[in-house]
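Below are structures written as structure tokens.
Consider the two complexes below, in which chain A is the common component and chain B and chain C are the respective partners.
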Partner chain A sequence: MSSAAQHYAILSKRSIVNTFRQPISIIPALTFPLMFLAINSAALNEAINLPGFPPVDSYLQFMIATTIIQGALFGSIAAGGDMARDIEGGFFDRLYLAPISRSSVLVGRVAGAWTVSFLQAWLFFGVAHIFGLSVEGGFAGMLAVSGIASIVGAGLGAISMSFALRTGSAEAVQGSFPALFAFLFLSSAFFPRELMSGWFGDAASLNPLSHLIESARHQVIYGWSVGEFMQGLAIAVGVLVLGLVLSGIALRARLAERA
Partner chain B sequence: MSSMRIAWGITARSLKLIPRLPSTFIPSLVMPVFFIVSFSGAFAGLVALRGFPAREMLDWFLPMSTLQGCAFAGITTGLGVARDLENGFYDRLLASPAPRGALLAGPLLASMFRALIPLTLLITIGLVFGVNVPGGIVGIAMLVVAGILLALIAGEWAVGVALRAKTMQAAPLIQMLLFLVIFLSTAMMPLNLLTGWVKAVAEVNPMTDILALSRQGFLGDVTWATTWPGLLALILGAAALGLFAHRGIQKVVP
Partner chain C sequence: MMGEPTRYPVVAESLVRRFGKLEAVAGIDLQIGAGEIFGFLGPNGAGKSTTVRMLTTLLRPTDGRGLVAGYDVVREADAVRRSIGVALQDAAIDPLMTGRELIKLQATLHGIGTASTRKKGDELLERVGLTAAADRRVGTYSGGMRRRLDLALALIHTPIVLFLDEPTTGLDPNSRQAIWDELRALNAEGTTVFLTTQYMEEADQLAGRIAIIDNGRIVADGTPRELKARVGDPTLQVTLPEGVDRLEAEQVLLRFGEPLPVDEGNVAVRLSQGPAAVPSVIRALDEAGMVVEALELHNPTLDDVFQAATGRRLEGADHADIQVS
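== the complex of A and B ==
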């Protein structure tokens, strides 16, 4: 194994192990989406009787894809927060005194976010199954959804890390959360686009998150679809690429300040 | 110096923090506006459900979001007490001869004054964007009364927790309980369209009556039958959480 690959592997392992050693940092990413799912599934269940609502058994079946993506969103803040704490605590500076590949710090954290998002998706599927969720796409569908969610989680984590690298502040990273949350709400995360109208419907149609969630939702409601999977995958990879570019630029800027 | 003058001094200090530290207050304005916009847009189709009481989702969500803003205003004041406890300013207050009741009354008065800001902003936004108010000025007055009293209740809760925890890290606990109380009620759907366990909780949640009090003027006429349960819930809530806050200050008094 090349030295760069070794650095990637070691720092990826560190990121993943750290996450599970400090469960308090991922508890919000696990509990808040499940809480929203529990409340909305019961409160909005009558909405599935509206003409034009997708053919679901329950609002739970409609919302599970949103919950999984929401979990990736919450988890991304944790990834950025961890990077900011490394910077605040001086570990980041010590790491860069060591002869390691510069990109391995980013790759390590992205791998951590990827892993957490993937496991989180399966946890959410498991909990939802206990409460009667059926996934038309079966195991393949769930694998597709968790795969898309993990790539989105990694991408959002990289975006969050770019904030951390720019600001060096965990509080500033937390402050970015409302903007991401707003992006989620201005989409078809909680209600189908078919039943939206006016400027909000247009905004939701332009929001790539709508199409991402709908492609994941398709696997749950209608069954496995290669086309829908590829659409979701393309958007998720786009988010990942954007995140890596932003965090790469932020990393170079931070290192230049140190030079 | 009288207790009222001291309480007013603390209130004025809290209100002066609004322009000096806007980051502590802006979320209580921005989030309700955001919720009105996003909920009214995203859930616009709900009005087509048989039995849904509103003609437009703005009529349904404006009172709820306004109450949310007022509650956040109260919580922000309580978090200010937590900040004072963390940075030592509260110790200076305790070392002064100020009556302890004034130290409690000050932030709580501030909560109620701060609630006027989201009330004014959100009702204005609603009127500009065509919210229906069949209950007229009385309907709006019901929302104002509910907002001010809910800000007091939220302030009492936040101050009580802050006095016990003595740290800003109690913020998530303070906010989470408020979130649950609001959303495990008729925040999203009317009682007749709720199902399952949420319906059972909403039926006993006093927030359901408070929402009914504040929403009635936007859905129809204001009636005593809809008003008194909400008023009673607010008065009893203010009394109970006032006791909670009072017990809290007794814990920090040397």
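== the complex of A and C ==
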């Protein structure tokens, strides 16, 4: 393995291991989506009988894709928070005192966010299966959903890290949490767009998150579809590219004062 | 790991760093010889850490030039990083990782192979007394243990120059002594040490040469002995028991230097021939039949040097006097 690959690998490993060593930072990303899943599945199950609602056997089946993407969204805050704490505590400086490439720290953390989102998706699938979830797309469908979620998780993690690199403050990163919530609620995360009307429906149609969730949802409700997967993948990769660009610019700005 | 051997591993030429209108470092010149322990002494905010950050590539100089291990800190930053070990203020260590994991991380980032890392890591952990705690998370370490781990991390790639930014601030005397012992041992092995401190005693105990920085400028530099000699001669204070004639004692002391005003019941003299005159003073007092309660020799301290250079006392100054009772 080249030295750059070794740097990426060990920094990714640190990022993943540390995530699980401070459960408080990942508990919200695990519990909130499951809580929403439990409450909505219980309260909105009758909604599946509405005309125009997708052909699901339970609201759980409709909601699981949202839960997985929601987990990736919330997990991204933890990734940015960890980066900010490295900056606040001086560990960021320690890493840059070694002869490593400037992108190593960022790539390591993004890879860590990717892995955590991927594992989180399978955990959510596992929990939902206990409560009777069936995935029409089978293993390939679940792999597609977890793959898309992990790429989005990495991308949003990178965006969160750009906040951390700009501000150097974990509190500032946490402050972006309400924006993610608003983004989520103004989408088809909890209700199909077909049943929305007026400005809310328009906003949901403009929100890329709607299309991302619908792409993942298709694998669960209708079965494996290359076209739907490619649509979700394109949006996820777009988020990742945006995140990498923003965090790269923020990293460059932070390191500009250095030799 | 090692860069080219050089006679002066740390050189600063008119090094300047400004933050907006504030000139934190105002054009300093340094030349630190191979194998030296160089003490950079000054109060908080004097410019010590800013200088270290420039010399360790963490901060770009506004003007001037820095060379470390023969490499330019701006143009050859990677080569500088390969040649230096750095322990920054407050031991910036990830509290979620274990000591051994941090050693492995640091070694990997410096391109050291797995087998070498294990051997060197075990040696370093043993050396800093952390073998038993190596697999515990750093969050459970005491302040002294963190500093010792920080030192081990800085040494994993066998650096030519070790930069230590206030390595013992806030530590208890035992932990401070442990760090001092380790620095002396490292220096004896040939490592050049650049040590910033606000403790005069630390600089006095460890450094072969000292520069005192204040408001971004070096106000005095030299060996501790040279610096103190510039301030003046030591003073001897004699405490007399009740009933002893003070004037008579002053007459005896007058033969050894200029008398100094002191509290009632004491007499003092600035020894013009230095500390070597103390036995003669004791003999003279004895021959004059004088009984004394205590003798105190006050050598000039680095705080006196700082005061002579700046007109102010150094924060946290404590005197290193010899007392004979």
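By our rule, the second predicted complex is superposed on the first by the 256 of 259 C-alpha atoms of A that agree within 3 Å, B and C clash if a C-alpha of one lies under 4 Å from a C-alpha of the other, contacts with A are read in each partner's own complex, and residues count from 1 in each chain.
Assume a residue touches a chain if its C-beta (ideal position, glycine included) is under 8 Å from a C-beta of that chain, and two chains touch if they have at least 3 such contacts.
Only a predicted model underlies this, so the values are computations on that prediction, with no experimental measurement involved.
Colleague: Look at where chain B and chain C land on chain A after superposing the complexes, then choose clash or fit.
Modeller: Once both complexes are aligned on chain A, chain B and chain C fit side by side.
Colleague: Using the superposition on chain A described above, determine whether A:Gly90 touches chain B (first), chain C (second), both, or neither.
Modeller: second
Colleague: Of the two partner chains, chain B (first) and chain C (second), which one does A:Asn18 touch, if any: first, second, both, or neither?
Modeller: After superposing on A, A:Asn18 lies in contact with chain C but is clear of chain B.
Colleague: Put simply, what angle do chain B and chain C open at chain A, by C-alpha centres, to the nearest 10°?
Modeller: About 90 degrees between chain B and chain C, seen from chain A.
Colleague: Have a look at where A:Leu206 lands relative to chain B and chain C in the superposition and call it first, second, both or neither.
Modeller: So A:Leu206 meets neither chain B nor chain C here.
Colleague: Is A:Val245 touching the first partner chain B, the second partner chain C, both, or neither of them?
Modeller: Touch partners of A:Val245: none, neither chain B nor chain C.
Colleague: Looking at A:Ala253 after the superposition, I want to know if it touches chain B, chain C, both of them or none. Which is it: first, second, both, neither?
Modeller: After superposition on chain A, A:Ala253 lies in contact with neither partner.
Colleague: Between chain B and chain C, whom does A:Leu186 touch in the aligned arrangement: first, second, both, or neither?
Modeller: A:Leu186 contacts chain B only, not chain C.
Colleague: For A:Gln6, decide between first (touching chain B), second (touching chain C), both and neither.
Modeller: second
Colleague: Closest Cα approach between chain B and chain C after superposing, in Å?
Modeller: 19
Colleague: Residues on chain A in contact with chain B in one complex and with chain C in the other?
Modeller: none
Colleague: Which bits of chain C are touching chain A when the two form their complex?
Modeller: 54, 56-61, 73-74, 77-82, 84, 86, 88-90, 92-97, 101, 104-106, 108-111, 137, 153
Colleague: Report the residues of chain A in contact with chain B in the complex, numbered from low to high.
Modeller: Where chain A meets chain B, its residues are 39-40, 42-47, 49-52, 178, 182, 185-186, 190-191, 195-201, 203-204.
Colleague: Of all residues in chain B, which touch chain A in the complex?
Modeller: For this pair, the touching residues of chain B are 27, 30-31, 34, 37-38, 40-46, 48-49, 183-184, 187-189, 193-199.
Colleague: Using the touch rule from the top, collect the residues of chain A that touch chain C in their complex.
Modeller: It comes out as residues 3, 6-7, 10-11, 14, 17-18, 21-22, 86, 89-91, 93-100, 257-259.
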